[in-house]
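The structure that follows is given in the form of structure tokens.
A, B and C label the chains in the order they appear, each numbered from 1.
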Amino acid sequence: MIDFGYTLTPSSTIEIDDADLSLFDQLCALEPDALKCMSCGSCAASCTAGVFTDVNLRKVLLSLQRGCEKDLLFQLKSCMLCGKCYIVCPRGINTRHLILSICKIYNI
Amino acid sequence: MKRNVLIIGGGPAGIEAARRIRDYGHTPILIEKEARLGGHLAKWHKLFPDGESTEEVLTALTSDMEGIKWFTDTAIVSINRLKHLYVAIFSNGITVQADAILFATGFSLFPAEKKEEYGYGIYNNVVTNADLEHFFNTGNDPRIKDPKVIGFVHCVGSRDEKAGNRQCSKVCCATAVKQACEMKERYPDASIYCFYMDLRMFGRKYEDLYLNAQRKYGIFFVRGRVSEVSEDIEGRLVVKAEDTLAGKPLRITMDLLVLMAGMSPCIENPEIASMTGIHMGEDGFFMPRDLMLRPVESHSKGIFLAGAVTGPKTIPETLNEARAAAMAIDNYFKQKAE
Amino acid sequence: MRERFISGFDHFVLPFMLGMIFVLVWCAVGLIKVMVQIERKDRIKVYKSLINPKIMGKNIRDWFCDCLFHVKLWKRNKVLGYMHSSIAFGWFMLIVIGHIETFLYIPERGGLFYYPIFFRYFMAVESTTLRGSLLFFLMDFFLLVVLSGIILAIIKRFRSKLMGMRRTTKLTLLDRIGLYSLWAIFPLRLIAEGFTAGVGGGSFLTVPVNWVFASILSKPENFTIAWWAYSIALGTFMFVLPFTRYMHIPAEILLIPLKNAGIKVRRPRKGYALAELYSCPSCGVCLDACPMSVDKAGLKNTTVYYVRQVKRRNEPRALAIADKCLMCGKCSVLCPIDISATDLRLALRKRQPYNIGHDFSYLDKLPNGALSSAVSVGGEKVLYYAGCMSSLTPMVSQSVQKVLTTAGIEFTLMDENGTVCCGRPLLLSGRTEEAKALMEKNKEIIRESGAPILLVSCAICYRIFKEDYDLEGIQVIHYTEYFEQLAAEGAIKLNKQKLKYVYHDPCELGRGCGIYDAPRKALTRVGDLVPAGKERKESICCGGSLGSLTLSHEERGRITDHSIRNLTANSPDRIVTACPLCMKTFSRQSEVKVVDFAQVIAENIIE
């Protein structure tokens, strides 16, 4: 193929139509709390590892919900599993199990 | 035949209901546990959305109390049901026979010190919405000293499973925006930030209030729940939240933090429920017979409910419920007479 | 005394013999399996322990105290203690005396397994001797002891509350067969020996039985059917034994020397773990111990059922139970055979694959001093690690600082500008290697500070600092101990007020590190200490534990309520705890005010 220097690159649009949510469904089966987030940002704001890195559980979860898992999943690598996010979560999401479940199901 | 109606709780719901019940030709007996009538309203300064003075509202409500027996500094000791009557003993020793009881016991303000991470009672310049209204009324609060940066934290003890309150308190968003504007009027040089999860400006003219706050007063709105507050060496507050719209953690140093303590079920609800058999919801508020069709009747015969006792409500909603309850009580007596 | 049969054999012994051989082979294979699966260095440790007189002495003592006399059970519950030790010791003595009899009267049959067991069938008494009647008396006596235990066991099965147990385990079908055959063995023995007591001899128990039979039957000694039944009951018990909870009888004999040699669980169902799994008698003590059993559904997550699922190789179910556990350690502490329930579960958690590897390389770029800030007052140097939870409980670190300042201690806040987690949460999640990265970083920071004392206010952090960090030369101390020490030395002076405190033992501090007394002593200096319903090693987890991975918020809430009810049994004015997580968890739901230990001290300190 001739390289014209540009391609039909995937735009920054979230293509919900094309999103493959089968892994997210698996995640919800393993940890139903994955559906409870109301994006208040408490977890990200109090995150122990967040002092040192960009890790943001709220955004990771949102990206999984939208089928864009490749974007942010790497962030969880820096999580120390300290559990502060569970303590601050106003919805009582079991965040540590959520993170471990994401780590189990998604393979990136 | 004249009938006695015992009204428990001398807030706006209780007062308004007492007046209407009197107008229907019955005898209302109103008791209030605190020293003056008015409930939480009496401690407030101004009301959203138009900044109406609570003093005026209360004066209007209590202007015509003729024919109403009312007692302040009085609580209920016991309530017992006789066949068609209730016998209530008050803490002042008076015993009353009532044909119907109206619970207008309202709500309890969420104790903000329970959210320890916000530092209420620990840091010097953290106050609650109620403290701020008190400050507006008296102009006196040692914690408020010409603040340059002020923060309002919405949903303190509301929408929070960890605080045991899942429900939205309904009035805090509008109150916060109202108070932010008032603070800006007092301290025009201050920068003011509202930290919200969802801004619930649901009522008529509330959106105008919001718009005014943005355009006229220049209040900043940050979508993110404050997660923790610490104190720096100078004693200023370091507030941490995530700016969820920017998608980044946010840190800001402030001189004053106002916690919008929400409405919790009245702390006496479990006791009342066991005394009277009123159903209590999972959230701790009382359950009316039917949320849609019979919102002011309880499951117990002759016991009625009005105001925030069945969930967070604004003042106009509360007053309307008081009127509805008065009507329901009158109907109840009419049916009984037949 | 002479043999009744020249052959010294009857067909009825076959069920017993087959069962016996089966069990012996099974146990031998099991023993070899366990020893092969144990790691080499552990194996050497075991062999060495067997020639160490001190450890061997302990082994022998434990064999007698635990396997035969059930001393631990006695201490907890006299009736249950009697029930177990009467059966175990009584049976043991029946076997021993049976062998003595055989050895004394007919030593040439000593090599036969069945002979001592069925001695009275094969022997006929011609004349009574003092020695003979003494042995017969002892045999009847111990049979009576066992029978009394069996009667208690039957009562317990149907009315466990009478024995002080709220719940008992659900038995499997094989367990039931084992149970009923065990119940049957001794009454059948009594009957069988009763039939032959006329010829074989007997004592105060069997002789009267024989009179009864003799009055009904002309020649009762010909009733071999009773001996058949006795042998079949024994055989059945032996055949099902490896598949039932009664496997704990032989397994515990192996477990005791392994435990005393200091072997730990490394794999979820192999080696030492296997010995532990088979040593579980399904007694159900863990049912009442487990905080999760406040919910009926939670009963299924207790250790006894975990053991059962692992034994059945039901890995998904076992993992679900392992992930639910709060790791509070209460079941292990109360377990009559010390099964290391949390280690077993951790071993399983460790084996779970997680596709996203952790990467803490960002910590390498962090300068060691970046997070700390020093508060200088002069005097002793202390490094204070508040832990990640401290920013959510500002009162704790504020109070600790107040106490230190008042005592005139120079201290550095190790994590004032950000915390590197202690690693305990990762460890509890089975991520041992990942935890090491954090531990290394913290070690660097601690070493570089040069402080001789590391002060910790979080019970969770304290445990890992104490157990897994190797901080030679640096004293790791929990603030409860430190403040009590300061108060005892007179470095801080405290006011005593008329307030009733109840102290909650955080799992990680109490059962985890054995600190029970220091906080209590300090609290009695500032007020009155009232006891909780259950406390010290029996304290009930607050429900907030990081140990559980899957427990939902609602389930935790019910545990918290239960724990609060236990704490407020003597209507205290304040609940005091020494772990920020317990405090956070309790204060959400408690009507009694919950305060941190440091806050109580700071409030009552005389400046």
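The rule is simple: contacts are C-beta pairs under 8 Å (C-beta built on N, C-alpha and C of every residue); 3 or more make two chains touch, one makes a residue touch a chain.
Here the structure is a predicted model, which means the values were calculated and not measured.
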item: A-C or A-B, whichever has more C-beta pairs in contact; value: A-C
item: Distance-to-centre winner among chains (Cα means, whole assembly as reference); value: C
item: Chain centre separation (subunit B, subunit C; CA means) in Å; value: 52
item: Distance from the mean Cα position of subunit C to that of subunit A, given in whole angstrom; value: 40
item: Distance between chain centroids, defined by C-alpha means - subunit A, subunit B (Å); value: 38
item: Contacts with two or more other chains, residues of subunit B listed in rising order; value: 117, 161-163, 228
item: For subunit A, residues contacting two or more additional chains; value: 46, 87-88, 92
item: Sites on subunit C at which at least two other chains make contact; value: 391-392, 553, 584
item: Complex contacts: residues of subunit B adjacent to subunit A; value: 117, 155, 159-163, 197-198, 223-228, 240-244, 247, 249-250
item: Complex contacts: residues of subunit A adjacent to subunit B; value: 38-47, 50, 56, 58-59, 87-92
item: Contacting residues of subunit C [partner subunit A, same complex]; value: 323, 352-360, 362-363, 366, 388-389, 391-392, 417-421, 423, 425-426, 429, 431, 438, 544, 546, 549-554, 581, 584
item: Subunit C-facing residues of subunit B, complex; value: 114, 116-117, 119, 122-123, 161-164, 228-231
item: Of subunit A, residues touching subunit C in the complex; value: 31, 33, 46, 48-49, 51-53, 73-74, 76-84, 87-88, 92-94, 96-97, 100, 102-108
